[in-house]
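One chain, subunit A, appears in both complexes that follow, with subunit B as partner in the first and subunit C in the second.
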Partner chain A sequence: MSRTSLIVVAIVLAVLLAVPPLLKNYGVYLFSYWLVFVIATMGLNLTIGYAGQKSLGHAAFFGIGAYTVAILMKAGFSFWFGLPVAMLGCFVIGLALGAPALRVQTIYLAFATLGFNTAVWLVMRNEEWLTGGTFGINNIARPSLFGFQLSAALHYYYFVLAMAVLLGALLWKLLSSPWGKAFTALRDNPIRAESLGVNIQAYTLLSFAIGAVYAGIAGALFASLVEFIEPAPFTVGASIMMYLMVVVGGAGYFFGPLLGSAVGVLLPEWLRFAQGWYLFVFGSAVVMLMLWLPDGLLSIPDRIKARRQSREASAARNVAASKIGAAS
Partner chain B sequence: MTGPLLKVTDLKKAYGAIQAVGGVSFEVMPGEIFGVIGPNGSGKTTMFNSVLGQIEPDAGRIELKGQDITGLSPQQLNQRGVGRTFQTLQVFSKMSVRDNLLVAAQEHQGSMWSRMFAPGDSGLGAKADALIDQFRIRHVADKKAGELSYGQQKLVDIAMAFMSEPDLVLLDEPCAGVNPSLVGGISSLLKELNKTQKGSFVVIEHNMDFVMDLCHRILVMVEGKVIAVGTPAEIRANRQVLDAYLGS
Partner chain C sequence: MTDFFQLVFSGMATGSIYALAALGFTLLWQASGTINFAQGEFVMLPAFVMIAFATFGAPMPLAFALTCVVAVAILGWAFKRGIADPLLRFGLMPIVVATIGLSIAARNGIRAGYSAEAHPFPSLFADKLFTVAGVNLTLADIGTLVFALALVLGTQAFLARTVTGRAMQAVAQNTESATVLGINVPRMIFYTFAINAVLACAAALLVTPTYLAKFDMGESLGTKAFFAAIIGGFNNSRGALLGGIIVGVSENLAAAYISAAYKDAVALVIFMAVILFKPQGLLGKKVERKV
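Up next is the complex of A and B:
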């Protein structure tokens, strides 16, 4: 990580540590909510941004994580038992969801994952004996950590923040390892990657599975945050929203999910002043972002750099042309 | 090793009614630079891709060091020591030149799981740097491959194939689209690598001067069949070859 990036990370972390105690409960809740989506979209960024796959089924894993923890906690198990079960479940189902990616790509893969999301959502809605159906599951307790109860909004916020930092660090380490290069190679040029010995089948499946684990953890944290779950937050629409968050932040940029989730979660809240018009304003903002910054907000420095290089190259050409002109 | 490194026997591949490769057989010896020439549409690339597992041959047998490798995937072939370049540029455009080279050999370093949180260069940094120097691309080593000129990308493309020091490298038109001044440089590099890495190369190329200068033996294909195999001098003097290229 460059020195500038380290300074930015330190400042962001300081803000995330210092600001929430100054906020009311709803503000703290919103920050927690945002961080939950940061975790979920970190996983999706791995799948679509780094490994170049398409997924419109991420909210299904978010839901699987949430329901697994909620159901197990209702059955008397602790959050700390439910969380690894949710992670394992998401990993295995993520591997299975990656299987279509070995046969189809682009929009066809997107539709396959969309179908998966719909199927999972239908289970959540219709299997009332297990999921509570449209009535959902309520009174989901917040966990305790080493005997310390995390039920207060601020305490739970710091717990979610710690999880986000830990998972971010793990993802950073993974992406800095040879695995990170293999994922990028898979995205940039799968045929060449395979000819260089990269097991593209394994990395494709793993990109889905690891992404799913992140969504599952986020879902588990979400269940305890909102303390009530029902199928609505896990629809295909939610998957599309998560996809949008990754793209708006910058797919394939490590910190993209941080900004993208802010746009997806916090921006609608800030736009409440627009009252009935807020969806229109939000939609217009997204359209404009996609038009001007199709590679996301974090592509701005790259665009500035490219523009500067282009100007320098143009100036060098002009100097060379004027020298040739003077000599002739 | 005394026998051939690569042995291709009666390889066939048809696309509908067109017999792209019709019973091609040849052998490549250890340390040999073996050229494959022929007019456009003679089946060179189809033969190449069949050997490399990119397409499935209809018939025939391919052996590497005496072991049957027919039908293995490109990934399995690479793990067994077969490298390749493509007719068109195939670099990872959003990665730096150095990372392009690192990813080209990292899959040979331990198991997949052992690489999960391993250092990014997989212990291959020195090797990548040596190749960067050998290919004279030090000044662009930290640039993204996609930002380089065509010639520079071609050098990166070729260097990647040699990063894992494979026993056999198949190069598909290494001089295609390259500035004539760079052709001699590529030839020298390949000769140098042939000496230092001691691998065998199979080279498809349309540039006759390049092939004649570089290769120890040359195979000539016309309409999916082998019409001649021999040293550059033998090929130059072969009437059938002259007819195929110039018309009888």
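Up next is the complex of A and C:
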């Protein structure tokens, strides 16, 4: 990590630690909500941004994580038992969802995952004996950690923040390992990656499975955060929103999900002043943003750098040209 | 048994409307590589424009014609110039997200600016019932099916038989060789966008009497158009028709014989099976992997 990005990370972390205690309960709730989506979209960023797959089914894993934890907690198990089960479930199902990716690519893959999301959602809505149908599951308790109850909004926020930092660090480690480099090789040119000895089947499946685990953890945290779940937050629309967050933040940029989720979760809240129009403003803003920055918000520094380099290069050329002119 | 035939028939009528939206969708993809996630909203908006023209006293055919003009200008030309052209160079992701943003804006713009209620929409066809061999057919179903079929086949014929249509196909198959042959590529691509807009208007005209004009009517319609396009074959225009009818019929039969709650699941199962076993679609051609 370069020095500037280290400083930026430190500042962001300081803000995340210091600001929430100054906020009212709803503000703390929004911050927690945002971080939950940061975790989920970190996983999606691995799948689509780093490994170059297409996925419009991420909310399904988010939902599987949330429902697994909720159902197990209702059955009397602890959160700390539910979480690993949710992670394992998402990993296995993620491997299975990766299977179509071995056969089809690009838009076909996007629609296959979208279909998977619809199927999961139908089960959540219709299997009342398991999921409570449209009534959902309520009174989901917040977990405790080492005997410390996390039921207060602020305590739970710090717990989610710790999880986000931990998972972010893990992802960072993964991506900077040779293992992680194989994902980007897969994205940039699958055939070249294959000829260099990368097992592209295994990496494709893993990119889905690891992404799914992140979504599952986020889902588990989400269930405890809102304390009530129903099928609505796990629709195809939610998956599309997560995809949007990753691309808006900058797919393939490590900190993209942080900004992208802010756009997807916090921006609509700030736009509340527009009342009935706020989603219209939001949609239009997304279109504008894409037109302005097709590679996402985090491509701004790259753009500035590219512009400075081209300016320096042209200045250097001018100098060289004038020297030649003076010599002749 | 008569029930069965009745269900199949009305399913075909609904399916032919899905086919209209699916056809525009595949045409855009073929000609320019645009994936339009706002396809459902492209059907919803003309429905409201027609209502607006009708409230100003325009008779239905005139309202439809005016709406087509407006749609070609906005959903065709402005959409192409404003969103598709600048973003296509950057690959699939930005255009997908921009059209998602567009669909959110369109849906909520109508909700906030016009109304969140469902509005009735005059039917094109009289309320009449025919009985053929014990099977009851409504005039609306017959008319919808005939009208939609005529449009799909007309588009087909235009693409296959006219010089312009063949030029459009050439652009879809290979943009560079088309340029070399002296085809005006940007204009051909614009024609595809225009055809998509007109097909969306026609779909709106046919579907709104039963679905009612509502800001979120495009949501399910868009998904079904995607399903239809994939099932039939994403790179084949005839496939859209087949796919649309398969989706329409299967959801009707599933609602009656399996369970209304899982009505959408049957189309989904067919769709997943097609993606896994014949990803190019039932009528599509295989595309080889390129380095």
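Please note the rule applied: the second predicted complex is superposed on the first by the 314 of 328 C-alpha atoms of A that agree within 3 Å, B and C clash if a C-alpha of one lies under 4 Å from a C-alpha of the other, contacts with A are read in each partner's own complex, and residues count from 1 in each chain.
One rule holds for everything that comes next: a residue touches a chain if its C-beta (ideal position, glycine included) is under 8 Å from a C-beta of that chain, and two chains touch if they have at least 3 such contacts.
This is a predicted model, so every value here is computed, not measured.
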Clash or fit, subunit B versus subunit C on superposed subunit A
fit
When the two structures are laid over each other on chain A, which of subunit B and subunit C touches more residues of subunit A?
C
Check the residue A:I200 against both partner chains and state whether it touches subunit B (first), subunit C (second), both, or neither.
first
Contact-wise, after the overlay, does A:K173 reach subunit B, subunit C, both or neither (first, second, both, neither)?
first
After superposition on the shared chain, which partner residues are touched by A:I191: those of subunit B (first), subunit C (second), both, or neither?
both
By the touch definition at the top of the document, which applies to A:F280: first (subunit B), second (subunit C), both, or neither?
second
Output check: A:E312 vs subunit B and subunit C. Expected answer is one of first, second, both, neither. What do you get?
neither
For A:L122, select first, second, both or neither according to whether it touches subunit B, subunit C, the two together, or no partner.
second
Please give the nearest C-alpha separation between subunit B and subunit C in the three-chain superposition, to the whole Å.
9
Do subunit B and subunit C touch any of the same residues on subunit A, and if so, which?
189, 191-192
For the complex, give me every residue of subunit A touching subunit C.
48, 54, 100, 103-104, 106-108, 110-112, 114-116, 118-119, 122, 125-126, 189, 191-192, 236-237, 240, 243-244, 247-248, 251, 275-280, 282-287, 289-291, 294-295
Contacting residues of subunit C [partner subunit A, same complex]
29, 35, 37, 82-83, 86-87, 90, 92-98, 100-109, 111-113, 219, 223, 226-227, 230, 234, 261-262, 264-265, 268, 271-272, 275-276, 279, 289, 291
Residue numbers on subunit B that touch subunit A, as the complex places them
52, 54, 73-75, 78-79, 83-84, 86, 90-95, 99, 102-109, 112, 115-120, 122, 160, 164
Complex contact set, residues of subunit A against subunit B:
173-174, 176-182, 184-185, 188-189, 191-200, 202, 252
